[in-house]
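Across the two complexes that follow, chain A remains constant while its partner is chain B and subsequently chain C.
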Partner chain A sequence: MSFLEVEPGAAGESLLLTTDTSQPFDDEQMSSSLEEIKRDGKPKETDESNNENISNVNNYDENSSPVQTDNEENELIQDKKWALMDKHIFVLSLAGKPIYSRFGNEDKLAWLFGVMQTLVSFIQSNEDDLLSISAAGVNFVFAIKKPLILVAVSRKQESVPQLQSQLNYIYNQIASILTTSKLIKIYEQRQNYDLRRLLSGVERLINHLLDFCESEPAFLLKAVQCLSLSSSVRGNISSAIISSCSKIKNIVFAILLANNKLITLVRMKKYSLHPSDLHLIFNLVQATESFKTGESWAPICLPRFDSSGFLYGYVSYLAEDCQACLLLLTVEREVFHTLAEAKQRIVEKLRRNNCLEAINDSLAKPDLSCVSSGFIEVRHYLYKAKSTAQFYQPSVSPPYNKYPQVLSNMYKRLHQRLHCPARPLKLFFERRATEAIFAWDTVGFELYIIFEPLVETSNVVAIITRLLNWMKEREDNLFHLHVPTF
Partner chain B sequence: MSEKLFKNNSTYRFPEVEHSYAKPAEMDPERQKENIKDTIEGIINFTGTFGVNSDITSLHTQKTRQLFLEVEKNFWMVMILNIPTVTKVKDGASTVEYLEDDIQDKVYESVLRQTYLMYRLFWNTFQHTLDKDGLDALKTRLEQFYSAYLKTLKLAHADILNIFCGIQYLPLDKLTFLKVQCLINSLECDFPKILQTAFLYNDHLIWSGVEPSDMQILYQYLVGTLLPANLEVELQGGSMPRNSLSPFGALKHGRFITGPTNLKNAKTIGKALSASLCLFVNADTELTLDFFKDFDNYINSKLTSLVSEIAEYCSKQVSTPSNVVENAPKFIYFNKFNMAYKSTVHLDNKQSGNVAISSEQLKIIADLNSHTPTISESTETMVKTLNDYWVVAKTSNYREFYVVEQLKNAHLIDISKDIKSLCESELKGIFFQPL
Partner chain C sequence: MIHVSFSSSKFTAVAMASRKKVLLKVIILGDSSVGKTSLMNQYVNRKFSNQYKATIGADFLTKEVTVDDRSVTMQIWDTAGQERFQSLGVAFYRGADCCVLVFDVTAPNTFKSLDSWRDEFLVQASPREPENFPFVLLGNKVDLEPRSISSKRAQQWCQSKNNIPYFETSAKEALNVEQAFLAIAKNALAQQNSAVDLYNEFPDQIKLTYAQKPPSSGSSCC
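After this line comes the complex of A and B, so read on.
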């Protein structure tokens, strides 16, 4: 088609690591970036940070009372409401110890965790692996990621690969608190270890992550949305961050975000950030109210960046009058005050350049809806620029503003149809009584559009061309096309 | 009786050369049965915890697909399929990749259901046999039935048609159709022993007095097993019918085949030229030689003249091959109400894999079928495959229509026009509300 050249949001170099979307969910290929960065800086004894908690493992003993099974257990089985929840998520150890359940108390569900472990090991005893079960529209998906087993039971219209990807996120969320190497070490030492001791407070993050996964198209698309800002403002913000941090060693990433959207990301030249790591950071910021009350210092492991160790994060909102959150991630453990000073300098510069105002303006002004940008036949769309792993969506307008679930289910179904691992499709167009939906996967972008049901097929092509051109004209605003580095 | 019975543990291999198929470790049959029983109990109990109550459950493991079908209360049939694999060599190391999506649940679920229904057609329910003759008799019967039946399954070529399990009808003009009906009515009147009749011509159904859902299975049996088997006997020069009950083997056109006498309603088939009459009589009724003689005298002349009329009509209808374009779109049509299907994708109805489109396109059709939320609604779906072919699905009022366009690099708008004209020419007056 002739309009293939128009690729809004494409760039030769990408801010974020881009993923091959044909992979149903990406695994492994973790680098050991941390070591490298530290060696480039001042040499340092490394392993201690990973080991410091492990020595404590043995102190936690099993003398805490074993799981009580009482009559309530039966009540729970009877509890139909629990059984029929839209989506259950369970995390357990390979030995069958409960770690997390989205609904219900893990201890009372201990028997169920036992059942799941038995199923997994029963299939394994036949030199095979349990992947999924489906019956009556319910998908049961198993992910065995040593040393954990993750299980999803979903009544939602989500495909098995989509659920696998969500389980992968949960595993990464746990790894981001403990690091993968520590997780493995713990279970090497004690197969029966109760991981919940180390994960207090993480439940909240996982719960939030799950809601987040279900509602945000970012997870489906493996991409991030940027806050609309003119490229000069975005450039000013980036250079304010660079100049304020230029004297500080070993800052790997500086991230400024607001309202689930990226404002800017400055990174060390050699290292880039994977969207799934950035999603974990978004989740952390969203789910942690206490960041709003002051400056914080937190160890964060970014599993796709380096799953074996921590980065240290300085987290603070910019100012009382600007609700954008700044994260400075470094490999140094003791530089809180240096970074706090750097933040002060950044805020001052931004204030002087009127950047805070620009951010606030953009936050206050919602994105255009399709109708107000002149596309009356279009109800909503998602556009992902593959080369930069960024996406854009207009604001949700009627009839979906009251039923966001309908919209996100539709996109999930579309995405699933387009990316069926064995038989991917290039284009998908479906007309039904309620809407006409279109999905297109090209070399440069993915586009998902919900049309009014009566749109003419001959018009569809013209509208898409117009839409791509419309985004192309505004690409400096809608996407972050430069790659600022320290 | 809570004992569960595990049947039909079949594994299969595809014939393709580039695929290799892992075989599960050899296990002795008793242990294997135990193993299957444990799996099914574990899985069903587990899913039951979440209020799932379904007669069909599909278990995906890396190496196998297992379908559990509760065919009757407490009776489960299990089908275990090996996942096809390809071996990929990368940097000198070869890795085995499992092609999970090559096996489409809905297709094999339908195969499994049909496997049961076919048994029931001949032997009634499992429970019935169990109550009447006991467990050992049931086991023997199953063994006998399935050891023969499973050989006729062409699992490697199972596709969308297995989901439909449809019937091919022969369209006739009014007058000829009325003549067929007239013959059947007078037949049933003059031979009160005959309860129902079905009339087939060249494997196409013209008239059936049997319930559609029964006819659906019966049709598969007639077209898939009984008629071809006898045709082969004929071709091998054996002019005697399989069942030598009938002395008419030497007759010019007609012959009788009697179905297995244990069929709920015993069945007899008379065949003349390309037509088959399928007669249903009560199983208790004794069919004597005299009955066959009378019947033959009665039907022979009438049937012969009717059949030649049908043949004449059909020859006029066959589109002259010259106007069939090489790259003409191929289509499959199915109507859920009368189970009618028509396919120009399949070049024969023997499920031999003789198809006019690629297996990928055929699988996409089944994908489209499985993903259409409801077929009562009017929908139109157009998809472009990775190698630039188009597949289109239309549903409306329980009718389904799938088209594979053989044009490469066509435009969405062209395809949309093509489909419109194809509907116009092939489905005129049938159903589609204009979308």
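After this line comes the complex of A and C, so read on.
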């Protein structure tokens, strides 16, 4: 099936750090870029390793659960509604103190956090780490990320690696508020610390992130979707940002996004942004209504960029009549007014170039559906260009527009079939009563397609070829292929 | 026969405490069959059973109390007294806010073990200020005869350990149980508050002061 010289959305240099490495996405060593910027770009000599030896423990014997189910205080366990929730997420300290529970009051669940800590500690006392327990259709997944323990209990169709990835995101969300170094320091000083004191209000971000992780293909694909714009408009937007910030030192990243899609990203030449950090920024913007009411100034730690310190973010929507959100991230702590002026200049330039209009037009116009772009046998697809960590999907059409969960579950299952560590697949095709599903992992891209159930197998290859060509023709619009830098 | 001794300094900080909710991790330690689980059950569920069931590993209960107008959640870690179930020392004790030592006033051996339970806890938990770590001692089963450890003897032991508060309790008759746990909560709270909360400040400003140094002219980042 080699029919394209270069797959759609590919580029020699990538806007984002790419995620297609042999290392797992979430456990890669975090960089420490801040220090480097502060020291004018000289790389750090030594890097602490935070790799932990993790080995799998399955088939844990859970018959000896110490929980008494017969007393009144454990009415929560009898509270079937709570117990039968599709998915629980818990965060606790290594001492077993509750920090976060997605559902229910974590104070009332204090005993349960004790049980979780004990399970983890019991395995640790054998110099091993508890990764997951599977029982009765429920996955219990544990992530020990010192000084925290994160636990997912899920009945959903999500694989253990997918749940681990979500726990990593939650850890990174907490780190993004406090920085990892602060987090570690706190518990070094006081093991019994009740972290909820520092995280009041952060539950909102974590709740939103969880919903986000479950519904957005971006998290599954570890990639970012761009707002469709012609490359000249995107180029004009980037130039407007670059020229408006040219005299300001130490802006590391300028990010413009709208409706959960990236419009542009301008970065310091030396530094790249990891998609998982960008996902945290999307989450922050989506979950924070107050950004809409004015200009904000917030410390933001991007754990993959530098987990030890803060970037300072100027955050503001462009204008009343253009709901795109601009973030200017710098290492300087007191340049709010400088950046607010820069934003004014950016908006003026964008207005003059009709870029605001172009952004609004694209926002108002939904992406094409498969049928309207001429693919009547295709219901939906996800395409990820690996070399740029960007993806594209058409708009969701019937029958899935009313059941987005069905669609996202199928993609999760397909993704798992391609990425299951024990037996990864390159190509997958399955015909079912309700649809035919296809997944393909190549050197350059990943492609997941949901076909009509009666699609002719012999047609599938031809359709895929057409689809890739269709995207290739539009790649300048669908993807951000240039790398604007300050 | 009830003696309550507090070192008064431990209470001064409570008044300055914030009004936010607090969670306390409370560990119950002592020889097997001194009544740790019974005390906890009496306290949390107001129930008592004469039947003895050894605790395997650990048991956990949650109890919410109000101390000086503050809502406090006690996360009670009931441990196994029997040695064969004690493989989790460090993990259990880590980050505890209070340790409750229990002995049986009719069984002298359980009183003699107190020193080793206390030492074991301090070694494993390694609290920041071991000499000020809040312990509470409970002499349980005061409803039973004959008594072999007198109130005075227990108090002397407490005094020798930097004035640990002492309560004589009966889980069976619910005697003094409520009061003892209230003191446990107060002690742990006082300890929590005595260390000024250094972390409420805006986080990690220090690091970034370095970033304020003007970059040298060689910088061509922007």
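Operating definition for what follows: the second predicted complex is superposed on the first by the 442 of 486 C-alpha atoms of A that agree within 3 Å, B and C clash if a C-alpha of one lies under 4 Å from a C-alpha of the other, contacts with A are read in each partner's own complex, and residues count from 1 in each chain.
Methods note: a contact is a pair of C-beta atoms (placed from the backbone, for glycine too) under 8 Å apart; a residue touches a chain by one contact, two chains touch by 3 or more.
Because the structure is predicted, anything quoted here is derived from the model rather than measured.
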**OP:** Kindly say whether there is room for both chain B and chain C on chain A in the superposition, answering fit or clash.
**Re:** fit
**OP:** For A:Val153, select first, second, both or neither according to whether it touches chain B, chain C, the two together, or no partner.
**Re:** first
Original post:
Does chain B (first) or chain C (second) touch A:Val115, or do both, or does neither?
Top reply: both
**OP:** Would you check which partner chain A:Arg431 touches, where first means chain B only, second means chain C only, and both and neither mean what they say?
**Re:** first
Original post:
More residues of chain A are touched by which partner: chain B or chain C?
Top reply: C
**OP:** Applying the touch criterion given at the start, work out whether A:Val461 contacts chain B, chain C, both or neither, answering first, second, both or neither.
**Re:** first
Subject >> Partner chain(s) touched by A:Ile123 [first = chain B, second = chain C, both, neither] >> reply: first
**OP:** Mind working out whether A:Ile251 is in touch with chain B, chain C, both or neither, as first, second, both or neither?
**Re:** second
Original post:
Once the shared chain is lined up, is A:Leu131 touching chain B (first), chain C (second), both, or neither of them?
Top reply: first
**OP:** Compute the least Cα distance separating chain B from chain C in the superposition and give it as a whole number of Å.
**Re:** 7
Subject >> Those residues of chain A which chain B touches in one complex and chain C touches in the other >> reply: 112, 115, 118, 122
Original post:
Which of the residues in chain C end up touching chain A in this complex?
Top reply: 20-23, 25, 41, 44-45, 47, 55-64, 73-77, 87-88, 90-92, 94-97, 128, 192, 195, 197-200, 202-205, 207-213, 215-216, 218-219, 221-222
Original post:
For chain B, which residues count as touching chain A in their complex?
Top reply: 24-25, 35, 38-39, 42-43, 45-47, 49-54, 56-64, 99-102, 105, 360, 363-364, 367, 371, 377-386, 388, 411-413, 416, 435
Subject >> Footprint of chain C on chain A - complex, ascending >> reply: 34-35, 37-38, 40-41, 64, 66-68, 71-73, 93-98, 107-115, 117-118, 120-122, 124-125, 177-179, 181-182, 186, 189-194, 196-198, 200, 245-251, 268-270, 299, 301, 308-310, 312, 331-334, 486
**OP:** Could you pull out which chain A residues touch chain B in their complex?
**Re:** 1, 77, 80, 83-84, 88, 112, 115-116, 118-119, 122-123, 126-136, 138, 140, 153, 160, 413, 417, 420-433, 457-458, 460-461
